[in-house]
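So, here come the structures, one by one.
One chain, chain A, appears in both complexes that follow, with chain B as partner in the first and chain C in the second.
Right after this comes the complex of A and B.
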């Protein structure tokens, strides 16, 4: 634990400093995104057939692959952010306050990457907006794809509003220390600000956090996204009422992993060991362990039901899980991480930030591979094996692989840019760490709502 | 006085406008109507109501919040609209239906 005192200067440091490493990272991320953009343009020019997807004749019947796997993966990562932030606000988990805004931003970046995958996986992306909006009143009643578009839009808008409303407080107070060339940006962000709005905004974002914490985990990643698969009875690998909770646990493990990596990157880059403390990483690791446990528990439910006395089509789908590396290896990776976190709980000296990062990376790799397997295995084992005679086998094309590195580049670029615009650590967090309560939102909130029990 | 049959036909035109072939399979109401508007979006209704009911509140600040919601939604979809129209012109030889004829 450092003895340094957290200060405003600390949270402003990313805005003022441009290092050589910053530009190198910017260049690498830009190249990754650029390479994918070139690939995507080629795909637009030649059609989706260049990926082998949307072609029933060459991919062994698989028409959804890495694009959809990565879509689910990014939405999952996006969840960590705002849930962590909402937990700070609703459940009083103040320990995580310093990483709350980074986590909110991860939600916006992750959702942008996920939304991009929807566009990229369209045969005719030019028709996306006109066909969705023009027929919304008909399609929303029946199409899980349109439910998905609706709820992802709602989630993005709620998170962006949350961030925008909370930024007003910080920017107004730190304005004198923020760069002048960004004045127009700050002016828009703090439009109409008055000091008396603080208490009202604080209460509004509390309700916003409540809306998000119910809608995002339970109804988006535990609802609308799994329903894209779970409601299709001819795909036994997908058709299951347990997919909602299963998807949610996968989202939460990858989300916590994303926050661990992001927090570590910022702590290291800006010398924030006194703000993003070891204590935060220990806590995040415990949550990661808990969600890994739930993840494996729900997989067990599916394996048991699929093995004991399954219908023929489900038996085939389950057999594949026991024998395919894309299922077995991710399970072992998550199990390994869970075992390590358990050991770390019993013997705290096992904790180190490097090990936490390794655990987070392993979980992210495992969830990506498992999710991609889930998508393609659905097509491998449909009821009546209707694609049995389809030649070929699915393997991600170069463009699809580039899409993965490209969207990682996109998210990195997002953070590199946004960290130069606004503080990525809330001013409240600094005030809290220093024991200042000039802006006492807890008592304001309690006065405005029913008393709550501390978590 | 408008006859009920005319009203029904007008409503049907509003809903299907050329997509009558899907009537009975698609259209209002169906499971999505209840799931999306009756369940999934309920937290948002509650949140917006709470912004204007209870203390401390300020109608102007509440309206500002609603403007954020509407503005960001519009910005997302207008942005996507512009992007997809550029894609249409560059890669598919013109605007999609219903902005232009569907083409071959």
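Right after this comes the complex of A and C.
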């Protein structure tokens, strides 16, 4: 704990300052994104054949691969926003207030990256709007993909609204200290603001948060996304009611990991030890541990059911899990993280920020690999496996790998830009840390209940 | 079916006149009858609705018969209740019923109209139509359930020749590895039987591919139940390919090998370009880049764009040498696939025996010859030496004279030389005799010389020709009367199971077929009745392909077939083709 007092100057520091490191990071991220864009242009020019994908069945390949695996991964990461916001606003876990806005921004960034993957993996992205919107009234009744697009859009819009509303408080009070050249942006953001609206906005965002917490975990990453796969009866690795909860745990673990890494990056860059405190990381780690436990527990369900006395097709799919490195290694990674976090619970001195970052990175890698495995293994072991060319061959091509680094670059760029426009830590958080609002501080050792998770 | 005169009746003015005379013999108003008949015809053509027909004649029918029991009453009442007064609705009443089967509508016509006119017209329509065109008409009409095109695939008849795959590839200008039609041999844990699968798209009634499509690009065509992809709408998300349990979808990962202009050129002779169907949607032939494709069951053929002959056919069905594919309306019990299915043994026997020898006619002729009812040269069927040789031999023997000879001198000489070539083969080989020697023997024969060793041998050779012919004919009869099942007996059996009296059909009681054995004969010839199944039926897709033969078990694995895809210019594994375009192919697989 630092002896510094959190101040407005602290949270304004990113906006006014441009450092060398910033430009270098901007360049690297820009390069990564640029490389991917070049790859994507080439793909648009030559066709999807430039990827490592192929038709499943006699076609000898898999038809959904890294693009979809990464899509799922980014949507999972994007759930961090609502989890943190809900924790703060609905459950009163004020401890996390300093990182709530970062998490919400991560939602927007993550969903943008996910949206990119949707476009990239389509054969005719130019028709996305006309073909989908044009027939929406019909397809919304039966296509899981359309549900998917609907809920993601809703999540994005709701989060953006939430952010826009909560930013008003900050911008108006900090207006004088914000750069002039961004005045048009601030004008728009604070349109029609009066002090009276504060209480109203508080209520509004409370309800928004409630709406999102019901929708996003339960219907997005615990709903329409797993349903893309889980409703198809001829893929034994997919066809199960457990996928809803399973995917949700993946979202939760990825989301917390993303928030840990993001928070640490900003804390380090702008000397925010006294704002984004160690406390926060400890807390986040505990939650990460809990979600990792749930994740592994649900995998255990699948492994047990899939191997006890399974039908032949399920047996094959489960056998693969026990032997393929893309499943085994991620499970071990998550298990390792869980073990460490458990140890940290027993012996709090084991905690360090570095270890937290490592844990978060490991979890992110694990979830990406496992999710990609989930997708491609479906096509490897369908019920109708008679084809000699099934299981098909697949290795992500260079362009697909570039999409991964490219979207990471995109997200980094997003934060580099946004952090120059608006404060990424809520003014409320600063006020709260200074005891200005008369809130009671939550105890540092709260019980690890997780009401928003329906396992 | 149209005639040149003014009659509304398909059979023409004279027939119409006869019918009118028949009506005159009844106690009822002939003119009313003829008018109703004319309008009944219009209803069957869809030019007049049942409701309008009912309304038009209701008062007259009541006046004439005291009651109106016509089945069109229902349509009339329905129309009455539907009417809400909008102009459009009112106008619609006078349009045709559209989907209603011609046959169904005519069946419904009562009293004076249909009985005299409709049924006879129907009879005239059906006579002499080849099976697939009748199917086509069935396909165009609907039963009450509507048309549902599909296939019956006889796996026992498929020989893995890949003609169907090739034909489909050519019809639709598909890229290498895009195997809309696919044949695979497989090994399975259950022994016995041929293990081969014909795998087109199943055109499911509850197609999961259609259900998951986010754009309605994948849809089912109302008029005939075909599941098609609209290439102008598809966004290439490939979810249909994911959802399909059978793996029938092929995505166009790269620019197709054949351009749409080239396709238009290839099909420039037809009505249309083999790409757009009757609804003006681009659903046929290979897909453009970035869009999904699969077996279409040839919608542009069904729409008549290639001509009437092609309606009710598919490229694969046409190309299949052993006729393993039956395509048609699965909802119509009279369609080719349903007929085939209704008695598989018979259907198979029927196909297998087609063109085989000796058939019934030939066996009958053989009997007739042996019974001395006909002469050797009267026979069309020549199981032994051919007609020319027989004629030449008989001529030399003096059995026939020059007028009866159909050969001219040069032909005669050639035939005789051929016979002598065989007779004196050894001597020719050992060069004891030359071709010139044979020529002079021929001269001698023609001059009627009878002396000399060579001549005697030559004359004996003539005898042998005749003797061989007679032996061959006897042999046919012997085979017929033996335990062997000749094609003739299969034909007899087919007629008997179709309901003919054995004594009317059987050529001779020496044969093995009678009522009791007919079915056994067919089974012995064409194979036992085999089980039918649908692929992955328990998944609930309701596929419209019914298979006859062995169902692959869950552990079935594909093995090489008798013909390799490479051998016929096709590619089995698409990825081999696509890998050439992959950027940064690491050469390994996960």
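The criterion applied here is as follows: the second predicted complex is superposed on the first by the 423 of 455 C-alpha atoms of A that agree within 3 Å, B and C clash if a C-alpha of one lies under 4 Å from a C-alpha of the other, contacts with A are read in each partner's own complex, and residues count from 1 in each chain.
The working rule: a contact is a pair of C-beta atoms (placed from the backbone, for glycine too) under 8 Å apart; a residue touches a chain by one contact, two chains touch by 3 or more.
Note that this is a predicted model, so its numbers are computed, not measured.
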Touched partner set for A:138, first chain B, second chain C, both or neither: both
Touching partner for A:146 - first (chain B), second (chain C), both, neither: both
Touched partner set for A:199, first chain B, second chain C, both or neither: first
Contacts of A:382 with chain B and chain C, given as first, second, both or neither: second
First (chain B), second (chain C), both or neither touched by A:164: first
Chain B versus chain C as contact partner of A:350, first or second or both or neither: neither
Chain B versus chain C as contact partner of A:124, first or second or both or neither: both
Set intersection of chain A contacts, chain C complex versus chain B complex: 124-125, 127-128, 131, 134-135, 138-139, 142-144, 146
For the chain B and chain A complex, residues of the former touching the latter: 15-16, 19, 22, 25-33, 35-36, 39-41, 43-44, 46-47, 50-51, 54-58, 61-62, 64-65, 68-69, 72-73, 76-77, 80-81, 83-85, 87-88, 90-92, 95-99
Parts of chain C lying in touch with chain A, wherever the complex brings them together: 177, 179, 182, 184, 186, 197, 208, 211-217, 233-239, 241-243, 245-255, 289-292, 535-536, 539-540, 552, 554-559, 572-576, 578, 581-590
Contact footprint of chain B on chain A as seen in their complex: 44-45, 119, 124-131, 133-135, 137-144, 146-147, 150-151, 153-154, 156-158, 160-161, 164-165, 192, 196-197, 199-201, 203-204, 207-208, 210-212, 214-215, 219-220, 223-224, 444, 447-449
Residues of chain A defined as touching chain C within the complex: 39, 42, 46-61, 63-64, 121-125, 127-128, 131-132, 134-135, 138-139, 142-146, 149, 228, 232-234, 311-313, 326, 373, 376, 378-379, 382-390, 392-395, 397-399, 401
